[in-house]
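Below: one structure in structure tokens.
So that you can tell them apart, the chains are marked A, B and C in the order they are listed, and the count of residues begins at 1 in each.
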């Protein structure tokens, strides 16, 4: 067997983890070993794909997707992951369903799950609701399985909620691992997760929260930077602080992009709406208050506009470590002069890092497939080894 | 071979049936033996799935779905069934097609069928139209096959029409068979198919018609109950009467929920719109008469409201056999205090029967898969035996 | 091995072609041998399907479809082709994506392609834009592959653009080859590609352009007929003329349906909008000028109405070779008295040719599958031979 795959399988076998039949909802609910396992399984799946070896461990089966918000990257990553393992995607489109009839979450959850192996959910519009919805689905599935309604308990993968975006942050981490050579190499490195200006408002908090919630696990120095008033959910910030201490890194909040950039090895400038705005927006959305939403939008855009200087440029990139920090983004970015007049990053910086950014995004299908596989197979190393030994060609 | 599967396969082999290449449109067009075969094949498929044995009898192929009305349960059941057998689902979304251009049913039917094995259709909005549409598609497919346009003649599965809902009623029957141990045990049992109050109008007649059209085949005592004026399609009622006589059961119409519940072993309280209302609604829909539809809705809701007492409650359940009749519903139900203020069933009764109700729904994927398999394979027992003997694992 | 398949495989092996990893965008960019190869591979795939031999050369993989305009035939053909080869279809629905956020084509193209093998695109609404868009996607994919972003460079299949409709014209050609026995038999035959009246406006130019761009390759006498003012894109007309000369056929433009029909062996009467109208329409669409579009529509329908005599009827069919020319259409046709009051063809003529028309349409899935297969496999004859020798049954 190839040395690279062998070492990954050994890593998986020797790392304690308890991912089997556990939903993947928040990275900070997983042990460090479990996160390592997700990464290693993802890498092994990528190895199989790159070597034209089929990773189909399902002869048939369904992966349900439920997108309560638009998606390109995650939608295609989910479809790719399902297909890689042999599952067919069935989309739950609430507009074409009977859910509007007042059907309970408990019922819908059971009804879509009779022959389903995985359910992927994106629900990021309402603060306090997305993650809660996933847990409600999870409880319903537990119940239905216990009651003998379901022959299996499908696993849930969080495809972005109001709190975390774990398939994004884990893909980001795999990118960092690949660029730096190992997770160990991340120790002591500085990452700047900073707010950036965007001519839109209401962007979810899940990416910055996902990043500070994950990167503080790795002994990194994590700077969270935003203009005053643009804070994140307090509980997540607290968790980040605690984790930084435990991992031997640090975590602080600053109100200056430049301060965060200073000496950073990695920068992640990205717009988001302030926590308190998302709270107001959630209330207005719930009330269907279109007038109120318009007023809030104007107010917020006006407020955003005060911070147009929060743009990632060649100038502030010079402040970073050797002027060569790795620039990251979950994409699509608001690129000044390309997708908008003034935005999160200027054209030349984006263009300089475009290829690594695209590679970063390319890890997501494998991360999702890894979350699927570890949820369904108790001994992922064995499953992967069998796939390797069977040597069924993906392309004939 | 396992005794359970063996006995199912023997049953299938020794039961005379002629399901091969015949559409499944109305249960009363099928012989008793054919209905038994559908159930046994469904059970055998469930056995394979439960024992992690692949039921893929198609290496590739398409199952086309056409939903002219919303659907969650049936949509996912259809997708599950197709996937179980190895078919990929391709949805015919009329909004994204060229059908609006005035294309004939004959043409569309051929165009979507070149490499298709199964077509599932839901068309329940227009009285006199849904089933007729399916037959029009069927004739077009016959013609196209005879003319050498199609290399195969895809089978049609009725996923609910204006007359019958056979995947529902057959799943309901499989549920009853499972709960009571055998079809024979249904003989002499009383089932109450009764109207129930709902704060909505225009619900299709297909479920009550499907139930009286099927359960009268089994020697049961079938009571159809509704408030005066809420009758079903007369032809279906006539068929039910005839069948009850032939099967040694009985069929009567009563105008009291309590009378129907009295001594019943099974109750199926469910709202529907009166036949004559559906006729008027069909005309208005055809004319796109929004004003007329609004007027009709107000009139009907007002009329419905006179019958709020038609609710399944702990009180009237006491009237049933030992106060313990099996409560059934096609779901989603209008649950008083849960999905609406006042509805078809009160919260405690629904909750008491929630688990069996969900199990009832869980048979639908297998019923649909059985209809697909018996349509495409001349000797379903042999096909199932080969699948068993091949022992390809569904999950690696 | 069966003689028919063997002769097809020999044809493929001995014909020089360079289709591997080349997008299929315009037929006139392909050599004659390449067009022959596409036809022969399509026929071989049809042979396998007709003999219940699996043509799955992919164990897993994705075929992305992007329909920027409605489609039934091509959508189902694409899905059928993908499924035939073992690929799952994933639709890029721009409404459900983040593309509206100003994401670049370069980025979207990479994001949907990480695990994708084929991308099929329909983009025929904007003159000067559809084919250009496909090329922009192609350049982005090249770049992403070169940069190591993508593990493979997915192939692009043009599912209709503003210039050509190659899956249509190639299916049409396979139909002609089948009806006449060989491509050689097309030499010296006359085909009339003529405009016909339709009570709608704004129909794309891609079909007539595709037909004159392909049929002039075969030594045919191609008459393009339209009322004055209904010209096609000048560059395509020029190419047709050049090709006719090279192939030993002829090409001319006439302003009379009868003149084109005179002695024709094949007639293709079909409506389209004049080139200059499509240019104005494109500008108005771009400006979202609904008022201007309405004015243009009224003007065009009025202009169309002057040419109601451009209808294919039993009378003008008598002018064709022995009064028995093969009538062709890409479907759906505007049939007088069936799908509209007055249209492209009258009822009796359409009905007489309905079966061959449907057969014509039935070649499209195989043509698309052939374009997919030749794009992904360097030695298609070897791939097809292995599929034949493996003899995996498509239906168990």
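Convention: a contact is a pair of C-beta atoms (placed from the backbone, for glycine too) under 8 Å apart; a residue touches a chain by one contact, two chains touch by 3 or more.
Computed from a prediction, not measured in an experiment: that's the story for all the values here.
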Please tell me whether the contact surfaces of chain A and chain B are same or different in residue numbering, using the over-half criterion. different
Write the angle of the rotation needed to overlay chain A on chain C, where the fit uses Cα atoms and the result is rounded to the nearest 5°. 120
From the C-alpha centre of chain A to that of chain B, how far is it in Å? 41
Residues within chain C bordering two or more other chains: 56, 88
Taking the complex as given, what residues does chain C use to touch chain A? 56-62, 64, 88, 90, 92, 96-104, 107-108, 110-112, 114-117, 144, 147-151, 376-377, 383, 386-387
Which residues of chain C touch chain B once you look at their complex with the stated criterion? 49-50, 54-56, 67, 70-73, 75-77, 79-80, 83-84, 86, 88-89, 200, 331-332, 334, 338-340, 355, 358-359, 361-362, 364-365, 392-396
